[in-house]
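Next come two complexes, and both contain chain A; in the first it sits with chain B, in the second with chain C.
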Partner chain A sequence: MSKPKLALYWASSCGGCEIAVLGLHEKILDVAEAFDIVFWPCVMDFKYEDVEAMEDGEIDVCLFNGAIRNDENAHLAHLLRRKSKVMVAFGSCAFGGSMPGLANFNDREQMFNYIYHDSPSTDNPDGIVPQQRTDMPEGELVLPNFWNTVKTLAQVVPVDYYLPGCPPEASSIETAVTAIVSGELPPPGSVIGPDITVCDECPREKHEKKISRFYRPQEIIPDPDTCLLEQGLFCAGIATRSGCGARCPQVGVGCRGCYGPNEGVYDHGAKIMTGIASVLDADTPEEVEAILDTLPDPAGYFYRFHMPDSLLRRTARTNGKKLLASEQVAASEL
Partner chain B sequence: MTRISIDPITRLEGHGKIEIFLDNSGNVENCYFQVPELRGFEVFCLGRPAEEMPRLTNRICGVCPEAHHMAAAKALDALYNVEVPPAGKKLRELLYMAFYVTDHTTHFYALGGPDFVVGPDAPKAERNILGVIAKVGLEIGGQVIATRKRNHQVIEMIGGRTIHPVSALPGGMSHPITEEQRQEIIEIARQNVEFAQFTIGIVNDIVLANQDYVDLIVSDGYTQQTYYMGLVDENNHVNFYDGKVRVVGPDGVEHCKYAPEEYTEYVAEHVEPWSYLKFPYLKKVGWKGFVDGKDSGVYCATPLSRLNAADGMATPLAQAEYERFYETLGGKPVHHTLATHWARCIELLYAAEHMLELAEDPEVADPTVRALPTEIPTEGVGIVEAPRGTLTHHYVTDENGILTNVNLIVGTTNNNAPIFMSIKDAATAVIKNGEVSDGALNMVEMAFRSYDPCLSCATHSLPGQMPLEMVVRNADGEVTHHLSQYVDECLLDQLD
Partner chain C sequence: MSENGTFKPVIVGFLCNWCSYRAADLAGTSRMGYPATLRDIRIMCTGRLDPTFVLRALEKGADGVLIMGCHPGQCHYQEGNYKAIRRFALLKRTLRQFGIEEERVQLHWASAAEGVEFAKTVAKMTEEITALGPLEWSRNWPNEDPHIYAEEAAHE
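Our next item is the complex of A and B:
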């Protein structure tokens, strides 16, 4: 029997997912043994044309990491979807947009204005901004269109499975690979990994949580054995899927939610918000507000890894103007 | 006019792209190195609490998240004007040295080193880690994997995670290590020192013992005279974690030496409409375009640059190698980009030695690893040496520590202009009268690779070769030729 064909690709990402795969160390050889790797541009020499020449559905599994933020990312997502039987959104960026998805709180014009004009080291007296097309004396130079909105893989093409984590831990990758090799995959649409929370895996001692104020990490040195949230340090572990081994709280820093939501949760940020609200020591709306005033930037905490696939998707402001609902869809296509 | 596009299909915080234009006689008229990717961290981090930056900005790069984590932490120390307790500082440095050992090891054995060890004139199919194994011995492959693995254990022990560490906070670290862990790290560091000496031995026995290699290293094709930048300690020795940024000119004379908070007086960034990545240059010299020499503000920030910008190394074994480096290559500064691979090995030795020094100091396991800030935050700049260049993080906040201004000059960005220039030199040398010679991709790739640009995947590539692809189109945009890095024969047709 021939080995299943595997493709790996990155779109808008940091490269950490690729390093995570190589972080299997000697087990990477098992992956190479179990699969026929037909496309992995960072490691092997296969080109876009090789993929284009394949039959539709010829690739058995594609592990796709990175968010979709320009035309080239989208082109490859469509191409690999067409050629692959199973498409896996690999890592937080492909799954939920991850940190680069926080850019959906801003728009392209704000970014260009700051980066190419206003930043303290930029020297740009002529007000030059990168262009999709630039006529140079020798010919035209082209850059891919930079979208106004960061999208997840599933917002661009249908996705069969999700592997969470920023990046996925080696154990999560092994779980996924084993499931694929054995053919014992969960129903399509599933997240691969256990449906437990970071709290379930966290060894810190937990008591009844009653938070009267939040502390920022630089304000206190927490007790090393007690739940961080109980001590007033923001931790998204109560509403975040585990599989990571609760590594962050174990070294004294709160979870930020990189493994995303548990089963049945549509909006990770809303779920974290609800979880946090349930442990506040408050009886009146005023008291709630007073406690939440001690937690700066709730949007950046709650939606750290899942802004683009939240109900919000992005802020409704573009180019400094508020958009009508009907315009928002169009704006997000930019 | 004929256009040649080279799409490396690798990442330089995105996917780099090279466009070469030939004139009517088939010689290089001009060449562009474009970075078509932008993610905008400087903007979407605004409004966020500054203390989150070590955990936000490490997502800029999954290959060197430790560098962003440390630069961010140092910017926060400065922002809050808080003194990190000795154990906290030493822990950060210890993590950082373990990171340098893994990063430089991978680059030398898997990516850049094969050109150097197996030989730039060896067949392409041999210039990879397998070729290194063939030349050096089978066990070396296992040693490279083992070195990566044991140092990743140290990174996880101190940083909490192997990729995207979490433990650096304003004023120090989130948790100490135990005495038991310290002993474990001492053992790992000892193995690192041995491994680094073994690596230097390869440089001596295989590269330097061969006069042809030495001649190639010092040949004109791989020479570029620019300014050089690197972080130095109070003795002007190379330092990766702390100190002042020193810049020397193409003549080796100090151009400036600045503290992190003074960076905007010395460095500025130029914008071109055809790339999303800016081009940093020395402000007091000025932007004169993509040219080298003393009158051009273009500078390099690489392992070679750091050695050139310093007066020596802070550890004995690395210092001895530093001296031999300049004796062998004809004095300071060295302008030969291929010597960067040797410089990287000297840095590997320094990182291993310094890691051992830090681990042997019992204070590194002291439980006091963090001081709580007491001052109102205002503004802070943190600079470290990332393996691929000087990394600057600059934050301004309101009185609550909420970011109002963020500026980042990232390792590889420093080298944006010199990479472009090296590629142009290489292309001009190998494309003559319409003929694209066999060595074309090779030369361009080697020029590119000596910078170890943050092609995060390429740097950790198992075959050790960048999957470069060169497409030649005629004036109508039709593809006439297709050259590929891995294809040994054919396809190396002449241009029409």
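Our next item is the complex of A and C:
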């Protein structure tokens, strides 16, 4: 019997997910043993044409990491979806948008202005910015269109399974690979992994939580045995799926929320928000506000990994000026 | 939008069963007039209000959300509205970062006897949101995927 065909792709991502696959160490050999790897641009030399030449549904499993923020990401998402029987959103970016998704706190124009003109480390006296189309003697060069709003994989193509994590822990990848190899998969649309929270796996002692201010990590040295949130350190573990083994809180860093929401949650940020609000030791709006003054950028904390996947998906377009959809598209042409 | 083209906001109301929902009833049975902009949803207590409800209302097209409950100290579950105060403060800061005007999501108190208060609150909020104009949140993310354009064009 021929081996099942496996494809791995990175869209808008940092490369950490690729490293996580290699982090399987010698188990990677089992993967190579069990699968015929037909596409993995990070590691082996493949061209997009190789994928285009395949039959539809020829790939058995595609592990797709990275968010979708430009035409090229979307093109590959559609192409690999067509060619693959099972599409797995691999890692937090493909699942919820993650770090690239934080771009949804800005408009594309705002970002480009900052990156190419205003940031303190930018030296660009001629004001050169990337052009989507450039005429050269050899012909026209075209860059993929950069979107105003980052999307998750599932917002672009249908996804069969989700594997959260930034990056997914080796144990989570193993669970997924084993499930795929054995064919013992959960119902389509599921997140592969346990439906428990980080607090469930965190060994720190928990008491009644009442805090009168937040601390930033550099401001205190936390007690090694007590819940970090009780000590005023922001921790998203109360409303974040585990599977990671609560690794961050165990080394004194509050959970960032990378495994995303638990089953049935519409909006990861809203759940973290509720959890955090319930520990504030305050009864009047004034007292509450005073505590919240010690928590800068709350939306950034709540939506760190699931901004594009949240109910609101992004912030309002600049200046409250609302363009019609057609005008927006035109305005987003470089 | 109403038929004649003037903007009439849609406000989703989350009213606690024991006070504000009764205030709304009182306003109705006493035939008090107030703008027909509120779509009220009864919750047992403002402590039941998950911020998800508010976000979902805005995402689904509401122009504003009004949360109303018993006065502090009078919650029928003792502490529910204090929980609401904390959540609401955090939600408000978050919404500010999303670029949503403060007037669009409001928290007020009305006891079961305060039909007048209730009607006034709805009228005032309607005025404020009418001045702001429609929210139309989903317009913030027009489709940028050329493949979907191509598919849509093929269907036409």
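Heads up, the rule we're going with is that the second predicted complex is superposed on the first by the 309 of 334 C-alpha atoms of A that agree within 3 Å, B and C clash if a C-alpha of one lies under 4 Å from a C-alpha of the other, contacts with A are read in each partner's own complex, and residues count from 1 in each chain.
Methods note: contacts are C-beta pairs under 8 Å (C-beta built on N, C-alpha and C of every residue); 3 or more make two chains touch, one makes a residue touch a chain.
What you see is a predicted model; the values in this text were computed from it and never measured.
Of the two partner chains, chain B and chain C are each touched by A:Asp297.
Of the two partner chains, chain B and chain C are each touched by A:Phe105.
By the touch criterion stated above, A:Thr122 is placed in contact with chain B alone, chain C being left untouched.
By the touch criterion defined above, A:Glu219 lies against chain B but remains apart from chain C after alignment on the C-alpha atoms of chain A.
Once the two structures are overlaid, the count of chain A residues touched is higher for B than for its counterpart among chain B and chain C. In the superposed model, A:Leu143 makes contact with chain B only, not with chain C. By the touch criterion defined above, A:Val31 lies against neither chain B nor chain C after alignment on the C-alpha atoms of chain A. Of the two partner chains, neither chain B nor chain C is touched by A:Leu185. Residues 105, 297, 300 of chain A touch chain B in one complex and chain C in the other. By the touch rule above, chain C contacts chain A in their complex via residues 50-52, 55-56, 58-59, 72, 82-83, 85-87, 89-91, 93-94, 97-101, 136-137, 139-147.
Here chain A touches chain C in the complex through residues 68, 71, 74-75, 78, 105, 145, 147-149, 151, 156, 265-267, 269-271, 273-274, 276-278, 280, 282-285, 288-289, 292, 297-300, 302, 310-317, 320, 322-326, 328-329, 332, going by the rule given at the top.
By the touch criterion given at the top, residues 1, 3, 9-11, 14-15, 19, 21, 29-30, 32, 34, 36-49, 51-52, 55-56, 59-63, 65, 76, 80, 145, 148-149, 152, 156, 159-164, 166-167, 169-171, 174-175, 263-264, 267-276, 278, 280, 283, 287, 370, 372-373, 394, 400-402, 405, 407, 409, 454, 456-458, 460-463, 465, 467, 469, 484-486 of chain B touch chain A in their complex. Of all the residues in chain A, the ones that touch chain B in their complex are 10, 12-20, 22-23, 25-26, 28, 41-48, 69-70, 72, 98-100, 102-103, 105-106, 110-111, 114-116, 119-124, 128-131, 134, 136-139, 141, 143-144, 146, 166-167, 216-221, 224, 247-248, 250-253, 256, 296-297, 300.
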